[in-house]
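Each of the next two complexes has chain A plus one other chain: chain B in the first, chain C in the second.
Let's turn to the complex of A and B:
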C-alpha cells in the first residue's frame, strides 16, 4: 500500500491514514525522498492525526526520513501526533528531539513558512 | 474469571501488525481506555518485533488475569531463539544489537504495570501485565 504524497506550491503534503507496517513505512521513506527530488519541494508536512500507534521502528523511520529530507534541502514538520501516541513515545524513551512538530496541518504550514523565511 | 483469550504466532513481518491489532481489540473489550490501548498495542509491537528480528519463530499469547478485585491483561511473548545473553544490558536504555532505536525492553517496562523476563539457551519468555483501574 502506497501513501499518497500531494504537491501544493513548493510544499509536499502527506496524511498517513493507514496502519503503518514496516514495509509501508520504508516505501513511504523512499517515495517521499523521490518526490522531493522530482518536484524540488522545499517543505514537507507529514500529518499523523489518524495514526494510532508509533512504536520504535516506525519512530526511527519517521525520524530518519526527516533527517534524509533535510540533507536534500527540504524542511519537514510532523503534525497531529495524538495524545496517546505522544505518551507512549515518551514512555518508550523516544523524544524525536531533532524533529519539528506542530499541533495540526494548519500550524504545520505556518511553522514551515517561518522556518523557510528565516533563511 | 481468568483464562487464555488468544494466541498469535509470529514468524513474518506482517504478524507484528496482526498481533498488535488482536491485542488492541482484546484491550478494548476488557475496557481499557484509548491511551492504555495504545500502550498495550505498542508493547505488543515491540515484543513481536524482537521475536521477528532475533528468532525464527515465537508467539504472543493473551490472558485475562484476576487478583483480588483487580482485572488485567497479561501478555506473554515466547520464542525458542538463542536467548538473551546479558539481560541487564538489554534492560539499559539505548542498548541494541540490531541498529534500531534500542527502545525495546526498557520502554516496554515503562509502558506496562508489571514486567518479567526469563531467558536461557532454549528461548526467552517475557511476561507483562497491565491492570484495569
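Let's turn to the complex of A and C:
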C-alpha cells in the first residue's frame, strides 16, 4: 500500500490515513524524496490527523524524512498529531526537535509560507 | 443471651445508666464539653443507652442505629466518644451482673463476658462502620472536587488559551494536566498556550520535568507553549537545579506572556481612541463656531 503524495503549486501534500508499518514507512520515505526531486517542491505538509498510533521506529523514520527533505531544500511541517500520539512520543523520549508542527493542514500551509518567505 | 442476665440487666438498667453517665462525666467528654451544651450531651447519651437497651429487648434495629450514628457524625463528635463509651458501658454491665449473682466460678465468669460482648459488640461495629463510611464519602467527594479544580483551561481569545496552575503538582496531576492541555488545545484550536505557574508554590526537578514534557507534547501537536508567572525564587531554583527551559519562551507575568502570544499570532494591542483629547477638541471646535 503506497501513500499518495499530491502536488499543489510549490508544495507537496501528504495525508497519511493508514496505520504505518515499517515497510510502508520506508516506502513513503523513498517516494517522498523522489517526488521532491522530481517536482522541485519547496515545502511539504505531512498530515497525521488519522494516525492513532506512532511507535518509535515510525517516529524515527518521520524525523529522518524531515531532515532528509530539508537537505534537499524542502521545508517539512507535520500537522494534526493527536494528543494521545504526542503523549506517547514524549513518554518514549522522542521529542522530534528539528521538526516543525502545526495544528492542521491550513495552519501548516500558513507556517510553510512564512518559513519560506523568511528565507 | 442467658435470660437470667438479661433480666438482671433490665432490672438494673436505671442504675447502670446512672453509673455509666457518671463515668462518662468523669472521663470522656471533658475535652468536648466546652463546645457542646450539657443538655445536648445528656440527651445524646440517653439516646445512646436507649438504643443499646432496645437491642437487648427486641434485637437490632439497624434503622435507628443508622439514624443515631448519622446524628453523631453530623454533630462532629469524635469516634473516641463512641468507642470509649461502649467500653465503659460494657465493663459496668459485666460488673453489675457479677455483683448480682454470687458465683465465683471461672466458667460462669467467661459466660457473662461472652454474653455481654455478643450484645454490645455488633452495635459498636455498626457504629464504627457508619463512621468510616461517612469519612470515605467525604474523602471521595473532596477528591472529585479537587480534580475539577486542578486543571482549568481558559480560551481567552481566538488562538490563545491560558492554563493557570495552582497548588502542588504531583505525577498524577501532571498526567491530568497534560491530557487536558492537549485536548483543550485541539478543541479550541489554540496556536499559543500560556501555562501560568504563579500559583505553584514549589518547582523542583520533577515539576519542571512535567512542565517541559507538557510543553514538548504541545509543540508536537502543532501549538506553542509559553511558560509565565516565573517568580524570582522559582527562577533561582530552576537555574540552581540546572533545568533547561530554553526550548520554549518564558515570561515573568501573564501580562507579558499574553503580549508575546499576541505578537506570535500577528496581533497587537491598540488604543481605540484618545478619548479625553478628542472630547476637548470637539469642545474647542464648537466654541470656535459660535
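What we mean here is this: the second predicted complex is superposed on the first by the 119 of 119 C-alpha atoms of A that agree within 3 Å, B and C clash if a C-alpha of one lies under 4 Å from a C-alpha of the other, contacts with A are read in each partner's own complex, and residues count from 1 in each chain.
Rule of thumb we're sticking to: a residue touches a chain if its C-beta (ideal position, glycine included) is under 8 Å from a C-beta of that chain, and two chains touch if they have at least 3 such contacts.
All values derive from a computational prediction rather than experimental measurement.
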Answer with first, second, both or neither: which of chain B and chain C does A:21 touch in the superposed model?
first
Is A:107 touching the first partner chain B, the second partner chain C, both, or neither of them?
second
For A:9 in the superposed arrangement: first (chain B), second (chain C), both or neither?
neither
Give one of first, second, both or neither to describe whether A:98 is in contact with chain B, with chain C, with both, or with none.
neither
After superposition on the shared chain, which partner residues are touched by A:56: those of chain B (first), chain C (second), both, or neither?
first
After superposition on the shared chain, which partner residues are touched by A:83: those of chain B (first), chain C (second), both, or neither?
both
Touching chain B and also chain C: which chain A residues?
82-83, 85, 87
Contacts from chain A onto chain B in the complex sit at residues 19, 21-23, 52-57, 59-60, 82-85, 87-88, 91-94
Per the touch rule above, chain C residues touching chain A in the complex are 178-179, 182-183, 185-186, 189-191, 213, 216-223, 247
Which residues of chain A touch chain C in their complex?
78-83, 85-87, 89-90, 95-97, 101-104, 107-108
In the complex, go through chain B and note every residue touching chain A.
13-14, 16-17, 20-21, 34-35, 37-39, 41-42, 45-46, 49, 93-94, 100-104, 106-108, 110-111
